[in-house]
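The two complexes that follow have subunit A in common; it is paired with subunit B in the first and with subunit C in the second.
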Partner chain A sequence: MHIFKRAALAATIAALCSSDSWADTIKVGVIAEFSGPFAMYGKQYREAVETYVAKHGTQAGEHTIEFIYKDVGGSNPDVAKTLAQELLIREEVDYLAGFTFTPNALAVAPLIDQSETPTVIFNAATSSINKGSQYFLRTSYTLPQVTAPLADWTFDQGIKTVVTAVSDYGPGIDAEKAFKAAFEKKGGKVVDAIRMPVATTDFTPFIQRVRSQNPNAVFAFLPGGPPTFGFTKTYNENGLAKSGIRFLGTAETEESNLQALGDAAIGLTTAFHYSAAHDSDVAREFNKAIKDKFPNAITNWASVGAYDGTHLIYEMVKAAGSDGPKALEAVKALKWESPRGPVEMDPQTRTVKQNVYIRGVERDTVSGLLVNREKGVIATVGDLGWTQ
Partner chain B sequence: MSLLLNIAVDGIAYGMILFMISVGLSVTMGLMRVINLAHGAFALVGGALAHTITLRWGIGYYVAVPLAIAGTIALALLSERVLFRRIYRLGELQQVLATIGITFMVIAVVNRLLGSSLLSIPLPASLQHSLDLGFRVLPAHRLVVILAGIAVIIGLVLTLDRSRFGTRLRASVDNRNIASSLGINTDRIYAATFCLGAGLAALGGILGSELLPIDAYYPLRYMVLFLIVVSVGGMGSISGSFAAALALGVLETASRYLIPDAGTIVFFALVMALLAFRPAGLLGKGMT
Partner chain C sequence: MARVPFLAEAVMLACAVAAFYVFPYDLALITRFLVMILFVLSLDLVLGYAGIATLGHAALYGTGAYAAGLFAVHVSGDPLTGLAVGAGAGALLAFASGLLLMRSHGLTLLMLSIAVTLICQEIANKARDVTGGADGLRGIRMEPVLGIFKFDFIGRTGYWYALAVVVACYAVLKIATLSPLGLSARGIKDSAARMVAIGSPVYWRLVTVYTISGAIAGIAGALAAQVTQLVSLEVYAFNLSAEALIMLVLGGAGRLYGAVIGVVIFMTVHHVAAAVDPFNWLFIIGALILSVVFLVPSGVLGIPAAISDLFRRGNDAARP
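So, the complex of A and B:
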C-alpha cells in the first residue's frame, strides 16, 4: 500500500514537471487579417483550420491543439511583431501560422529564430522570406514557382511575343522579371513591359497600348479584387480576345472573386497551383467538408494554404510536441495528398513542391458557376526563386 | 491622330464616370454645406442593393436599378431624420468625425451581410456588347454612363436654377432662419435635398461599378476621388463638378497614354497646382 501511494505521487510529479509529455495543450497562434479590407484572408484561413480540426479532432498524437487567432489588419509589420511577441510570451504558443503579407512574415523572423518556434506561412509568396529564418515553413507558393512554368508553357504553345502588364508594386515587378527571364531564355520576346500604377481605376489606356503592339499574348499580374476586375473587363470589352491576344495570368481568376468577373472571365488562361475544381477525391471531400460547416464558404488558394498548413502543424505536434527543432526535422520532407494535388516539403527551401496547372475559365455545366478548369499539369516544381 | 481620338473618347468616358460617382457629393457637400464623408456609404448601399436584387432575387437590371435607388433613398430619409438632421448643426470637424463613423458602420454591416468579396451587378445582354467606332471599339455601358451623365447635369441645373425648389433650397442654405421665417419649410427642403444626394450617390455607384466595382470597402477606397472632383470643381457648383470631372478624366487618361509610369503623379500634381491657385475650385464661390 505504501509503495503504491509513493508510485502515484511520483507519477503525478512527473506529469507536472515534464510539460510536453502527455495530455498537454499545444497552442498555435494564427496572425492574419480578420478585419479591414483584407478580412477575406482571415475568414478563408479560419474556415480551413476549423474544417481540418472538425475532421481530425483537437488531438494530435498525445497532445491537444488549440488555435488562437490574432488580427493584424493588413500589411502592418509592427503590429505583426507585437502580436507575435504577445502570443509567444503571454499565451506561450509553440507554433505560429497565418501571414498574408511578406512584410508581416519578415517582421517576426528574429522572434521565431530566438524562440525556436516553427512558423507556417499560409500565403505570403515572396521567395526570400524563408531565408529570414530556418523556422519558416510555407504551404502556399512563391511567385516564380507559378510564373516561370507559365512562361515556358507559353513559348511551347507557339506564342512568341508577349507584352507584360503588371501593377507597379513589389510582387508585380517580381512577376514581370520572373516571366521575362524564363520567356526570353526559351527564345521568346517580351515586346513591352508596362507597369501600371496601383491606384489605376481605368485600365483602358494600358489595354489600348497592349493592343497597338499586337503581341500574341499579354501576361498580367494584378492584386485581387477591383484591379483584376477592371483589367479583365477592359481586356474583353476592347476586343483583345477577339483579335487573338491571349490573356495569361496566375492568381487573377482566384475563386473568391471569380463569379463577380462574370462572362468576361471565360477563356482567360492562368497557371496556378490550386483550383477549387481540381479533379480528385481529396479535393471533393475538402470542398464538401468546408461547405457542410460553412454553407457560404468558397475555397480558394488561401483556404488550401491554411488547410495544408494545419496538416503540417498537426504532423509536427504529433512527432515532436513543443520541441521546435525536432518538429522541423520531422516534417522537412513530408509528403501528402492535398486538395490541390500531391505535395511535398522541400528540405532546402521549406516551401511545398507542387504541381502547377494550366487552367482555363469555364462555366460549369452542372452548377452554372465559373470554374478554373485544369487543362493539364505544366510542371511539378519547388520554389524556383530560391537561388535568384 | 488616332492617339488623340483615343484620349478624347476614353477621357470623356472616364470623366463621366468620375462625375456620376461624385455628383451626389456635390449636392450634399457642395450645396448643403455638410462635410458628408458618408457619400460613398450611400453609393455602397445602392450597389449592394442592386447586387442583391439582381443576383440573389433574380430580378432584371432595368427594374433592379430603380428599386435599388429607391431603397437607398428610403434609407437616406430615415437616416436623415434620425442622424443627419443633428449633424448639419455641428462644426466641420464634428461633421467629418460623425459621417466617417457612419461610413465605418455601413462598411461593417455590408461586410457582415454580404462578405468582403466583389459584389457584381451583372449587366443585361443589351449593354454587354461593344460599339464599333471605326478606329476602335467602345463598350456600350460607357456610352450609357455618358448619356446618364448628360441627363443628370441638365436635370440638376434645371432643378436648382430654374425651379421653385431650387430657389427655396438656395435660400435655406444661405440663411436658414430668414428662410424659415419667410414660410419655407427648411426641414423638408433639407431632407429632400439630402435624399436627392443619396439617390445620385446610389445611381453613380451602380453605373460606375463596371469600372469601380462595388465591395464593402468601396466608400474608403474611392473617397479621395470623390473629394477631389468636388473640391476641384468648387463647392456649391454642380457645373463646376461636371467640368472638373471631365477635365480630370481627360488629363488622367492622357497622362496614362503618354507617360504611363507617372500617371498617378501627374494627376495629383495637377490637382495640387489648381487648388494652390484657385483654392475655391474651378467655379467655386468659396465656403461661407
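So, the complex of A and C:
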C-alpha cells in the first residue's frame, strides 16, 4: 500500500537525519471559518498570518513555510476532523493551526496525538482543550484568564456587590462561574446571576432586573455583534451608568464591533488581553503592517492570536523543522514581545501567560474613533482555569 | 432501463469499493459521504415514499448520535451495540414525536418538526453535565469492530465499517419500500383520502414509517459519533435537515438510489469548491441549488426526461 511505503520512507528518513540539515517545505494547515456567519474569524486569521509572512518572509531557519487554508464553516467537529485527516494524510502538513470553536479543536485531539503534530489554537478559549492532547498550544486566552483578574480588580475598586448577566450558552456560563468564584473568594457578593437567551434582542427586562437589585456593578458576557450592541444601548438608555451601576465586561468592546457601538460604549470598563490601542512600538508596527497590506483591516484579539500563533510556528520550524515533539520542547517556555504586550508560553498549560489590561472606552482625540484605552494592568496571568 | 435486477445497487456498490482504492487519502471524507447517504436515505423514506415534508430530521440523527456517544462513554465502546442504541433512541423519539407530528400536514408539520429539533437542541445545551453542552460530548473511545478491526488513523476500518452499515440499512429500506407497508405509504402520498376509503389505517402507517426512518437516522447519527469520537450541538442544527433535503431533491426523491446520487454530487461539489476557493465557495453551492430548483426540479434523475421534454416541445413549436 502506498501509505505504508510513505510511512516507512518517512521513518527511515527521520532515523537517518536526526539533524535537520536539509532545506525543505514545511506545510501548515489552517482550519478556520472562511464562509458563513463566522467568516470574520477566518478573515482576521488570514490577514494576520499573511502580514506575518510578508514581514518575515517564507523562510524560517532552513525551511520554507507554506500555509494551506481549509474552511470548516463554524462549529463542525465532523468537518474539522475530516479536514485535519486530509491535511495530515494527503497534504502531509507538519503543523496545524486555527480553531475558533472548542468542539472543532477537541475533535482533532486524538489525531494530533497519534501524528505528533503541534497544533496552535488561535482562539478557542475553553481551558480544558489543552488537556485533550499535549500537542495543543494556545496563543489566545482562556475565559478564566481574563474574568478572574477582572473580579479581583473589581473588588479592589471598592465594588462589593455585583449582578452577573450572561448569555445562556457554554462560554457565558463559564464566565459567570469564573467571575463569581473569584469575586466571592475576595469577599464580594454576587447578588443575582441572570442568564439571558442567546438570541434575545430586547434586554430591557434584564436591565430592569439588574436595576432593581441596585448593585455596585453589572458583569456582562455576551457574544459579539447585535447582543452586545443591544445590551450596552439598553444599559445606557435605562440610566444605569448615571445611577452608579458600573458596566464590567471582557470581549464586549472588541475592535471589530467597537465603532458600531457608538457613544453608548464610552465609559464601559472591560478586562482583556488585547487592545488595538496598546501603547508600544510593536503594537503600532503591527497595526501599520496589517493596514499597509489590507487597508480596511481592523485588528482585534483574533488577529493578534493568529499573529502570535504564526510567530510560534516559525520559532518551532526554526528549532526543529518537522519534528513535532522537538518543536514542542523548543517553544514550551518561549518569551516574546507581542503586539498585546510581553507574553510567554506556560510549559504546563501550553497557553500563553500574558498581561490582562483594565480598559475604558474613549474617543481618541486624534483619529476621532472609539478605542479601548488601557487604564491598568494585571501582570502575567496564566491560564487560571487549568486546575479547576 | 434494462431489466437487470439490482443493477443500480450493484453499480453503486462497485463504485464504493473502487473509491477505497482510487482515493486512499480521502477515506475520512468518503466516510462522511456514507454517513450522509444513510441520513438522506432515511429522509427519502419519509419524504420520497410517504410524502411527509419535514425539516426536523436532524432531531432523530442528533438523538442517535448523543445516545451512541453517551453509551460509548458510560457503558461500552463496542461499535455494533452502540449502533443498536442509536437506532433505538432515534426510533423512540420518532415514535413519540410521530404520534403528534403525523396528525398534521403541510406547513404545520414543517413547523412542528423544526420545533422538535429545537427542543432537543436546547435540552442538549442545558444538560451540560451530561452532554458537555456547547463544548461537545467527549471521551468517546471505540473498541475494535467485532473485536477484530481497530479504528485506524487513515480511516480504513471506519470506511469499511460505514459501508457495511449503509449496505445493510439500504437492504432493509429496499425491502421496506417493496413491502405492503411501503406500497401503502406510496398510496398515502398520492392520496391519503382514498387510502382511508379503502380501509388503510393512514395515521398508524405514517407513524410506523416515521419510526423506521427514525431508527435509520439514529444509526446515521451513531455512526457519525463513533467515527468523529465527539458529539456537538451541531448534530441538531437546522442546517443539517435543510442540506439533507437539498441533497434528496437534487438526487430525486422517491428512489433510494436518488438519495445516494444526490449526496455524492452535492458533497463532491461542496468539497471541491471549498478546496479550490475556501473563501468564496458558497457561491458555487448557491448556484448549484438554484440551477437544480429552476432547471431540474425533479432532481438529477429527472434530467433525461427534462431533455426529451425540451426536444418534444421544440418539435411542437416547429410545427405550424
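One rule holds in what follows: the second predicted complex is superposed on the first by the 366 of 388 C-alpha atoms of A that agree within 3 Å, B and C clash if a C-alpha of one lies under 4 Å from a C-alpha of the other, contacts with A are read in each partner's own complex, and residues count from 1 in each chain.
Operating definition for what follows: a residue touches a chain if its C-beta (ideal position, glycine included) is under 8 Å from a C-beta of that chain, and two chains touch if they have at least 3 such contacts.
None of the values given here were measured: they were computed from a predicted structure.
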Q) Which of the two partners, first being subunit B and second being subunit C, lies in contact with A:T102: first, second, both, or neither? A) second
Q: Would you check which partner chain A:N296 touches, where first means subunit B only, second means subunit C only, and both and neither mean what they say?
A: first
Q. First (subunit B), second (subunit C), both or neither: which does A:Q348 touch?
A. neither
Q: Could you say whether A:P77 touches subunit B, subunit C, both of them, or neither, answering first, second, both or neither?
A: second
Q | Which superposed partner A:T201 touches (first subunit B, second subunit C, both, neither) | A | first
Q. In their shared complex, at which residues does subunit A touch subunit C?
A. 1-3, 34-36, 42, 69-71, 74-79, 81-82, 85-86, 89-90, 102-103, 106-107, 110-111, 114-115, 126, 128, 132, 169-171, 173
Q: Mind listing the subunit B positions that touch subunit A in their complex?
A: 6, 10, 13-14, 17, 111, 115-120, 122, 128, 130, 136-137, 139, 210-213, 215, 217, 220-222, 225, 252-253, 256-257, 260-261, 263-264
Q | Touch list for subunit A against partner subunit B, complex | A | 37, 39-40, 43, 168, 194-197, 199-202, 204-206, 208-209, 225-226, 229-230, 233, 237-239, 256-257, 259-263, 296, 298
**Q.** For the subunit C and subunit A complex, residues of the former touching the latter
**A.** 24-26, 28-29, 31-32, 35, 125, 128, 133-136, 138, 153-155, 224, 227-234, 274-275, 278-282
